[in-house]
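Letters A, B, C, D, E, F, G, H, I and J name the chains as they come in the text, with residue numbers starting at 1 for each one.
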Amino acid sequence: MEFLVHIDIAWPADGDAARKEAIFQRELEQGQVLARAGKLRRIWRIPGRWANWSLYEVADATELHEALSSLPLYPWMSITAHPLALHPNDPRVLGIVPQLQS
Amino acid sequence: MEFLVHIDIAWPADGDAARKEAIFQRELEQGQVLARAGKLRRIWRIPGRWANWSLYEVADATELHEALSSLPLYPWMSITAHPLALHPNDPRVLGIVPQLQS
Amino acid sequence: MEFLVHIDIAWPADGDAARKEAIFQRELEQGQVLARAGKLRRIWRIPGRWANWSLYEVADATELHEALSSLPLYPWMSITAHPLALHPNDPRVLGIVPQLQS
Amino acid sequence: MEFLVHIDIAWPADGDAARKEAIFQRELEQGQVLARAGKLRRIWRIPGRWANWSLYEVADATELHEALSSLPLYPWMSITAHPLALHPNDPRVLGIVPQLQS
Amino acid sequence: MEFLVHIDIAWPADGDAARKEAIFQRELEQGQVLARAGKLRRIWRIPGRWANWSLYEVADATELHEALSSLPLYPWMSITAHPLALHPNDPRVLGIVPQLQS
Amino acid sequence: MEFLVHIDIAWPADGDAARKEAIFQRELEQGQVLARAGKLRRIWRIPGRWANWSLYEVADATELHEALSSLPLYPWMSITAHPLALHPNDPRVLGIVPQLQS
Amino acid sequence: MEFLVHIDIAWPADGDAARKEAIFQRELEQGQVLARAGKLRRIWRIPGRWANWSLYEVADATELHEALSSLPLYPWMSITAHPLALHPNDPRVLGIVPQLQS
Amino acid sequence: MEFLVHIDIAWPADGDAARKEAIFQRELEQGQVLARAGKLRRIWRIPGRWANWSLYEVADATELHEALSSLPLYPWMSITAHPLALHPNDPRVLGIVPQLQS
Amino acid sequence: MEFLVHIDIAWPADGDAARKEAIFQRELEQGQVLARAGKLRRIWRIPGRWANWSLYEVADATELHEALSSLPLYPWMSITAHPLALHPNDPRVLGIVPQLQS
Amino acid sequence: MEFLVHIDIAWPADGDAARKEAIFQRELEQGQVLARAGKLRRIWRIPGRWANWSLYEVADATELHEALSSLPLYPWMSITAHPLALHPNDPRVLGIVPQLQS
């Protein structure tokens, strides 16, 4: 099942920069672990914020919670998870491949 | 550039069912036109609502507006478009392919 | 997977009372169909509103959407579905049976 | 009378981890005390948050307040209690038992 | 148990004035029925709106729903019910009688 | 003139418990002073929160401000005051006394 | 006592223009009646809306409700009344007269 | 041009009382400077809050910003400025003087 | 003085298309009148909505109201006007001309 | 592509004034760098707040994020970016030059 996830990260403006960098480095690594496991499918930055929209594919909300709470920045995150149902017209469901417009 | 789009459709509860079906049919067709053109990339139903989250890839907000306003149900839609920036850890950017967990 | 579902029903104040009663009757029947199928587990009225909180147990968001959209009052409903994850302290998970306080 | 309770827990991101673990341990124990007393009926995690939805069955709002304020994490909680009325179609009221779909 | 109830009445601006007057008359009568039964304890107008705050004393949320849905204007009402717990300093609980300041 | 007052108290979760107890004690005393002066008429706890709804009867908003700002917990309070107008159907205005239902 | 009043007027976009003009004319007249009675002290347009902020000086919320509900456009209005307390630094209270800056 | 200004002051509950008093004293003085300059016309307390509504008359938003940011409490203020347009029925515009009701 | 204006247009989904086209044509013309008068400086579409952000330069809120209410679609518009103050770093104020990046 | 950007700056009321001044100085300089690069086109102060509306012209949301996150005050900013589409009636698109009204 897919979930659309909105994450806002509240790092204190005056927080320790080196520590922030170190945690963010581990965050990237754990994100890649989740990606290789097929749980994190896409992630986009929200322009102008330390925030992102991401797309997860997991068994259910319990597995989603495990994935999200495994992130090193989890304690600083404010997260909202939107459950997604299949749409009959989803290009991936229909197997539609974009055609080049040349 | 990608956009995350939230669409809520307000069709009157007592509206004409046949007309609704006819417009919805044309809606599906136009969605597929947009998908083949590479503009509509994914679409998910929001469970319990006539609403969806969708992912568009277009040149800019002007092309996004053209795509969305080409939908037959557009006059009944309430739309919010969230601009998306690249995230350095996006699995698609990194070329990460999920590995089977067998 | 369980979902907590909030449903508000917007029936026009001046709507046809007989029709309302007929649809509501079919609504009750379909609710019982969903209950016997193990999908609708609990439902509570929100005092003072034609609205309810209900608890669904379904495979995923897609099955939830099918269940909700099968309700005769669906076109008049405004629905929000909250995904639920297992809590390690859930009395049902722990098998705790309330003890009488006599 | 039943109440649907929404609880968000605001523990500082940089809080003492050992203390957090100790309080959470006592929280689980007190939750089980409330469950055995028949006051806490169900509890679910909200995916991605230190938050939960729970179902209480108590005499009234005064007893609900006593139950909630007995929780060790109470000072860190932001709580909203939704009063629930009986719904004539509640599967528990109707004594409906889900039938296996085999 | 007491409930603080907020009621907003949405009567169409161009609605039939005679019908409105007739329903409002029945509304006042039913309010007095509820008052004599000890369920409706106080009611105040919200200045500038066809809306009120009221104080109910009932067995539970189910009885509250019955009381509110017995009101002739119920189909036009938008209602929010706030559950109230006893406060140890409530003047009524403490039996405090205001003293004249002469 | 009556006011319905909503008060939320934000005491830091890690605040000094003894100091909190001492201030709360003085708060109760000042509440009783206001009750004996006929200004504070009722006060209810909001279940699950350090918060209350209360009913004040004062000359005007200026006297209400004086009463509220005399409370020892005032610096920690977030207050919203709702002005109340007389309702023609108020049981107190009509002199309705609840009748026992025996 | 003074009240700051926010009024939004919802006249249907396709409503009868002549009727609108006639009611608005009576609205202006009744506003002047309230002004001469010393109840309506100031009124300002909110730019871009059929809406206004106004300043009333009345005995209490009950008299405010009478004044507002006497307005011919009242059935189309959505009103919020903010109670105002005296501020020790109010120029009118201090009797400060602006000095010309020449 | 007139502006209706809403100001909320967030002074820490445990802040230094003497410093608060000193700054508030300077705040009152600067408010009077603005009043004598004809910029601050009225100011009201919002009952139960350290907050106010005030009425400014300035050349434009730039002069308004200068006036507001000259206030000693400005760093603790959260301000919203509502632009006001002339209303044809404003008693001050019409030169209406309240008549005594004797 | 400049204002940032947000306009949402609520045209009924089933409205008369020819009439809509005719009014929109007049809307464009009146927009150009305001542009030539130096009042409407910029206007942008909000992607996916019949809505826009626009930038006005007018004497004050009264002139802004006159400009906005002169638009043929005004009765269908929901408008919010944000007053703007000069920023010391505004490129236009500083006379900064973008340099080509070749 | 243009973006309308809303920025709120949360500098602690008791923050170090000299540091604030130093960072703000660098902020102004970086703003001018962005202006000369043609990315920051306009910036306005929101009266009464340390906040602004600004207009950016960049390739896409990714370039916008780079521009915004290059600002020295970025860690203290709360930013919302609104994507803008071309409007057929934009005075700049139409090449309309305001005519003097003499």
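What we mean here is this: a contact is a pair of C-beta atoms (placed from the backbone, for glycine too) under 8 Å apart; a residue touches a chain by one contact, two chains touch by 3 or more.
For reference, the UniProt names are A, B, C, D, E, F, G, H, I, J = muconolactone Delta-isomerase.
Just so we're clear, the structure is a prediction, and the values are computed from it rather than from any experiment.
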Identify, among A-J, E-F or F-G, the interface equivalent of I-J, where equivalent means over half of the contact pairs coincide by residue number.
E-F
Relative to chain I (muconolactone Delta-isomerase), the most remote chain by C-alpha centroid is chain D
Take the average of all CA coordinates in chain F (muconolactone Delta-isomerase), do the same for chain H (muconolactone Delta-isomerase), and state the distance between these two points in whole angstrom.
28
Chain A (muconolactone Delta-isomerase) and chain B (muconolactone Delta-isomerase) have mean C-alpha positions lying a whole-number Å distance apart equal to 19
Just curious, how far off is chain G (muconolactone Delta-isomerase) from chain D (muconolactone Delta-isomerase) if you go by their C-alpha centres, in Å?
47
Residue list for chain I (muconolactone Delta-isomerase), restricted to those that touch at least two other chains
3, 45, 47, 61-62, 64-65, 81, 83-86
Over in the complex, which chain B (muconolactone Delta-isomerase) residues touch chain J (muconolactone Delta-isomerase)? Could you list them?
1, 3, 60-62, 64-65, 81, 83-86
State the interface residues of chain H (muconolactone Delta-isomerase) toward chain F (muconolactone Delta-isomerase) in the complex, per the touch definition above.
11, 13-14, 45, 47-49
Could you pull out which chain C (muconolactone Delta-isomerase) residues touch chain B (muconolactone Delta-isomerase) in their complex?
3, 5, 7, 10, 61-62, 64-65, 68-69, 75-81
Which residues of chain C (muconolactone Delta-isomerase) touch chain D (muconolactone Delta-isomerase) in their complex?
2, 4, 27-28, 31-32, 35-38, 40-47, 52-53, 82-92, 94, 96, 98-101
